[in-house]
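Heads up, the thing below is written out as structure tokens.
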Amino acid sequence: MILRRPFFWIIAAIVAAFAIAPAIGDNIELRESLVLAAVYITLASNINMILGYAGYVNFGSIVFFGLGGYFSVWLMSAHAWPLAAALVAGGVAVSALALVFGLGILRLRGVYFALSTIGVNEGVMAFVANFGPWGGSTGIYLSPALFQPLGGPAKALWVIYYLLVGIMGLSLVLSYAVKRSKFGLGLLAIGQNEDAAALLGVPTPRYKAIVYSLSAFLPAIAGGLYFFKSAYIQPPDAFDLQLSTETIVVAMLGGQGTVAGPALGAFLYEELRGWLLTSPTFSHFQLVVAGVLLLAIVLFAPGGLMGLLYRLWPRLRSFLE
Amino acid sequence: MNALLEVENLSKQFGGLRAVQALSFEVREGTILGLIGPNGAGKTTVFNLLNGVFAPDEGQVRFRGADITGLAPFRVARHGLARTNQIVQPFANMTVLENCVVGACFGRENLPLARAREAAREAVTLVGLEDRLDALASQLTIAGKKRLELARALAARPTLLLLDEVLAGLNPVEIERMIGIIRTIRDSGISILMIEHLMQAIMSLSDRIVVLNSGAKLAEGLPAEVAADPMVIGAYLGDPGFVDKLRES
Amino acid sequence: MLGLLASILDGVLIGAVYGLAAMGITLIWGVMDVVNLTHGAMIVAGMFAAYVLVGAAGVPVYATLPIVLAGGFLVGVGLYWLSVHRVIGQPPLMSLLSTFAVNLVLVGLGTAVWGTDLFNVPASLPGFSLGRYTFPGTHLMAALLTGVIALALYFFLYRTRLGKAVRAVSNNREAAELVGIPTARVLALAFGLGVALASVAGMLIATMFPFTVLSGDAYQLKSFVVTVLGGLGNPTGALVAGIALGLVEGLTTPFVPVSWTLVIEFILFVVVLITVPGGLLTLFRRRRPA
Amino acid sequence: MNAKGGIKVGNKHYKVRFVEYDDQSQGGRVQQLYTRLILQDKSQFLFSPYSSGLVATAAVISEQYGKIMLIGGGAEGKTYELGNKYLFQCITPADQYLSGAIAELKEHNPHAKVAFVYSDDPFSKAVVAAAREQAKQAGFTEVLDESYPPSTTDFTAIINKIISSGADTFLGGGHYSDGATLARQLHDQKAGMKWVSILVAPDSEKFKTLGAAANGITVPSQWEPQVKYKPQFGPSIAEFTSEYTLKYKDLPDYHAASGYQVGLLLQHAIEQARSIEPDKVAAALNKIDATTFFGRTKFATDPGHHGLQIAHQMVLAQWQMKGGKLVKEMVWPDAARTASVVYPLP
């Protein structure tokens, strides 16, 4: 049924573009820039399910990405698991852990919830920095030999890229499928007015816990891929609160609550950052530029880019969600 | 006629304040029960206790024979007990139809999305909002929002509907219309428990009336009986001392 | 044993300063339900203001306090009109993001101007000793000044007309508006006060510890922990919680490896949020009727 | 360099073009930018990012393309145990950071009671892990071992712990603000240390703003302008220092020096190899055992540690009060000594 919707084909086209563009002429530089875009899109689409749909501000969503990275990297380096198994195991473990955290902190609402997510991220980071099996604060360094089963580093980086694009595609499909489902309708109702939703029969505690756990799964796998690619993982990189906040910025930029918005925002933001970093004029002021941009959106266009597009072409709403 | 909802010895205390004290009553199938009382009598608190917004300190609530005391609000809704809010709480950024689909999806029948849409359409038509189907809830007038609130609860196809002051804030024309809607709902087989301040309206709508004062039941009976009860008159005159005197006498 | 006592005492002194910083966050939250994410940047601004005033203008260290206080207040009022006023009354996400955006700009500018090198404000006062353990005079002075500022704030909020207006707006904005209180201006005033407290805390910290442009993050996080322990919106709670946290740190350091203190702190933070969102003080207060 | 005709290879002259980006210290950025350097900017040789983790991340790219990468920042040794072929560490690895301090201290106090207090980060941990062994061999007693989170801002309780432990020697630190705070609080709280070595922070010129708290603090450094090596090629120490000062209006620190050193070594290796073929240049680098203004350089060539720096020595600097002003003096090794060490701390 989902296959018959035009928007599904838009997602398919985005994924295809990501897959094909760098393959033309073996354009590795484009690929490396798209890797980060794919990671941002994955993170933003997933946080959008809890932020945009259910209305819960998760400042610490990066904890899923980091823990997923740790689980997978550790399984590969210390227990010689193959990549695929390590990734899936990481995703499942982190989702399960998210369910446990979620049952605790999802009793909180609004700012209290937002603050608690910072606490979870910082607490987990401090714990991992002391956790011996994961190398404590030194983290885990991966041997280049681990790239051999994938055909050496050069080929491995392509494999990782395609897997990441796949995860990105799955994130978009998941985000879309959730939005079109009864579950998604319940989440949107929670996001608008949680008490009214509960009175109408929306099982709010269960739905919130499920979406929190669900939004952890794909970012955890993306984390596994990302840190496998980086060949090392350390607490400050894995649990980077700055990246976490950027994810929210990206979702806002595109338009929270829409499916396409976070992806659009993530792509533009990443390309902008990449450009600012390599531009001699702005490289020292890129934080300032990002801040001014964000402030302008929050104050003058809270609906994000999608909000602007909808206002310009209202008919867009019917097929671009 | 069977008792649909049975409330027994219900009590709730907030800090030192006894909001509801040892309250018992029942709603029979196919009837309208009016719940009246002066401001602060604890009427909305009773609704909140029935709905599971608060858990009672004491007492029991049985609905169609099942014990629903202290269940979470969404579980109560699943049993077929729907409710409107005194202060309207629409999902502002959803359309009228989507608002009602939420009701239909998660209510008693727990419908899948496609069928919920049909149920929602029916409910919207029943309250007469069919021409605003795709309008955002935030764009409706107060009267429109009140009707939306009602439609959303109806879409769940409940067995019992709790109405919390659906007439407040409406002009006479709108009130007439709403009273008509409420009658239609009752005639379709849905029982109703309603809180209302407009005496005339509730006297004419209700089959029976329960009067609440300071959280306790002051009187119960047919509308005509209650209207003639001197204690009720005293309570409404706003002189609690008068009531106490009557009690003593 | 003496060492433990010394650590506890000093923990209390420093904790008081953390409490002062947290009062800034909690005051703003209490009055307008906004979590001020420029807090860390404003603490750093206070540090650099002290550094520049002492270094370049030759102002005596503790004479910078009123200047930083006034400057922080003005900057805060400006920030309110720039970034907060338009998002008052909107979902909490909006104010979180708008203040976060300003924070990015400030940190970006700070890094461009000062880099990430370390800075130190030369301050030295005679302290006193307890056996082999010494309490630096700067720590005593900072705690003392914190007490004075906290008292002044209390006096302002409870004894002046303007302070009463702030509390009225905090209790019920609509009602305050109905009785003729210019709420927007009162909100700006409260935001200015909150920022002033943050920058003064920064100035006092600068008299004790060296710092960099990026020091704000650590102090902001600490302020969050203190604020939550004390109860969001409760200035007295913030001060008490700051002192309590300093006490806990002083108490645990001799026995627990320091690298675990953060884990303990954040577990405490999350557990308190979930179980007593009103803050630890509510545990001691008798329940009042609703 | 280009003004002098570039690098001479046989009878060809290669012009040098230098491209740099700011990696924001983010792993993902590093790979993106190094790919850009290799593919778009057509870089033939790479200089490393700053920090051991980022070196490991960049190495995935540089090794993939068979590009030589010279490491001027990132002292951790682990990366070289992973079988990389084109990485060359030009600075002393972490495990040698405190060996000078321990050797010098042994001259003055063979029975030192040491408190190790260090930041819980990979670099500081690696430094202390090695120093712990070296201290034991020197006959010192370890009385305290405490790592603190990198975000720690107040060390009061830790310093009381040091005082309680009866330590007379402090070894540790980590980064800028924590190191400076430690120095200042050790002084403010009159901890009574006779010897204090702190990583990284005291190397900054800004450290002297700590005033009396800075006096007597020792810091291991990769290089200081005061060293006295006799270069076999490249500029003399005086030439490098004066050129740098002329251009940047500031004294060079060891980051600047190691930055110059990696370029110098690369130029030397290219000239020796008479080629810019990576394998030939790598072979030339493997053969280097030479002293420049930066000190001696030799890379490990066994497969288990390929590219690890095994010859370069740290120097130990001490802040000393001279005529009311704080100056950084070299106190170890003898070859670099500019002043005798002040022991115990004033």
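Per-chain numbering from 1; labels A, B, C and D assigned in written order.
By definition in this document, a contact is a pair of C-beta atoms (placed from the backbone, for glycine too) under 8 Å apart; a residue touches a chain by one contact, two chains touch by 3 or more.
Computed from a predicted model, the values in this text were never measured in an experiment.
Averaging Cα atoms per chain gives one point for each, and the point farthest from that of subunit D is the centre of B. Across A-D and A-B, the chain pair carrying more C-beta contacts is A-D.
Subunit D has its Cα centroid 37 Å from the Cα centroid of subunit A.
Centre-to-centre separation of subunit A and subunit B, using mean CA positions: 43 Å. The distance from the centre of subunit B to the centre of subunit C, with each centre set as the mean of the Cα atoms, comes to 48 Å. Mean C-alpha positions place subunit B and subunit D at a centre distance of 75 Å. Each of the following residues of subunit C touches two or more other chains: 221, 259, 262. Residue positions of subunit B touching 2 or more other chains: none. Of all residues in subunit D, those that touch two or more other chains are 120, 147, 149. On subunit D, the positions that touch subunit A within their shared complex are 21-22, 24, 26-29, 31-33, 35-36, 39-40, 53, 56-57, 59-60, 63-65, 78-79, 82-84, 120-122, 125-126, 147, 149-150. Residues 51, 53, 72-75, 77-78, 82-83, 85, 89-94, 98, 101-103, 105-108, 110, 112-113, 116, 152-153, 156 of subunit B are the ones that touch subunit A when the two sit in their complex. For subunit C in complex with subunit D, the touching residues are 3, 6-7, 10-11, 14, 116-120, 122, 124, 127, 129, 132-136, 138-139, 205, 208-212, 214-215, 217-219, 221-222, 249-250, 253-254, 257-259, 261-262.
Across the interface of their complex, subunit C is touched by residues 51, 55, 57, 59, 104-105, 107-108, 110-112, 114-116, 118-120, 122-123, 126-127, 129-130, 137, 245, 248-249, 252, 284-295, 298-299, 302 of subunit A. Looking at the complex, you find that subunit A touches subunit D at residues 28-29, 31-33, 35-36, 39, 126, 129-130, 136-139, 141-145, 147, 152-154, 157, 226-227, 229-232, 234, 236-237, 240, 274, 277-278, 283-284.
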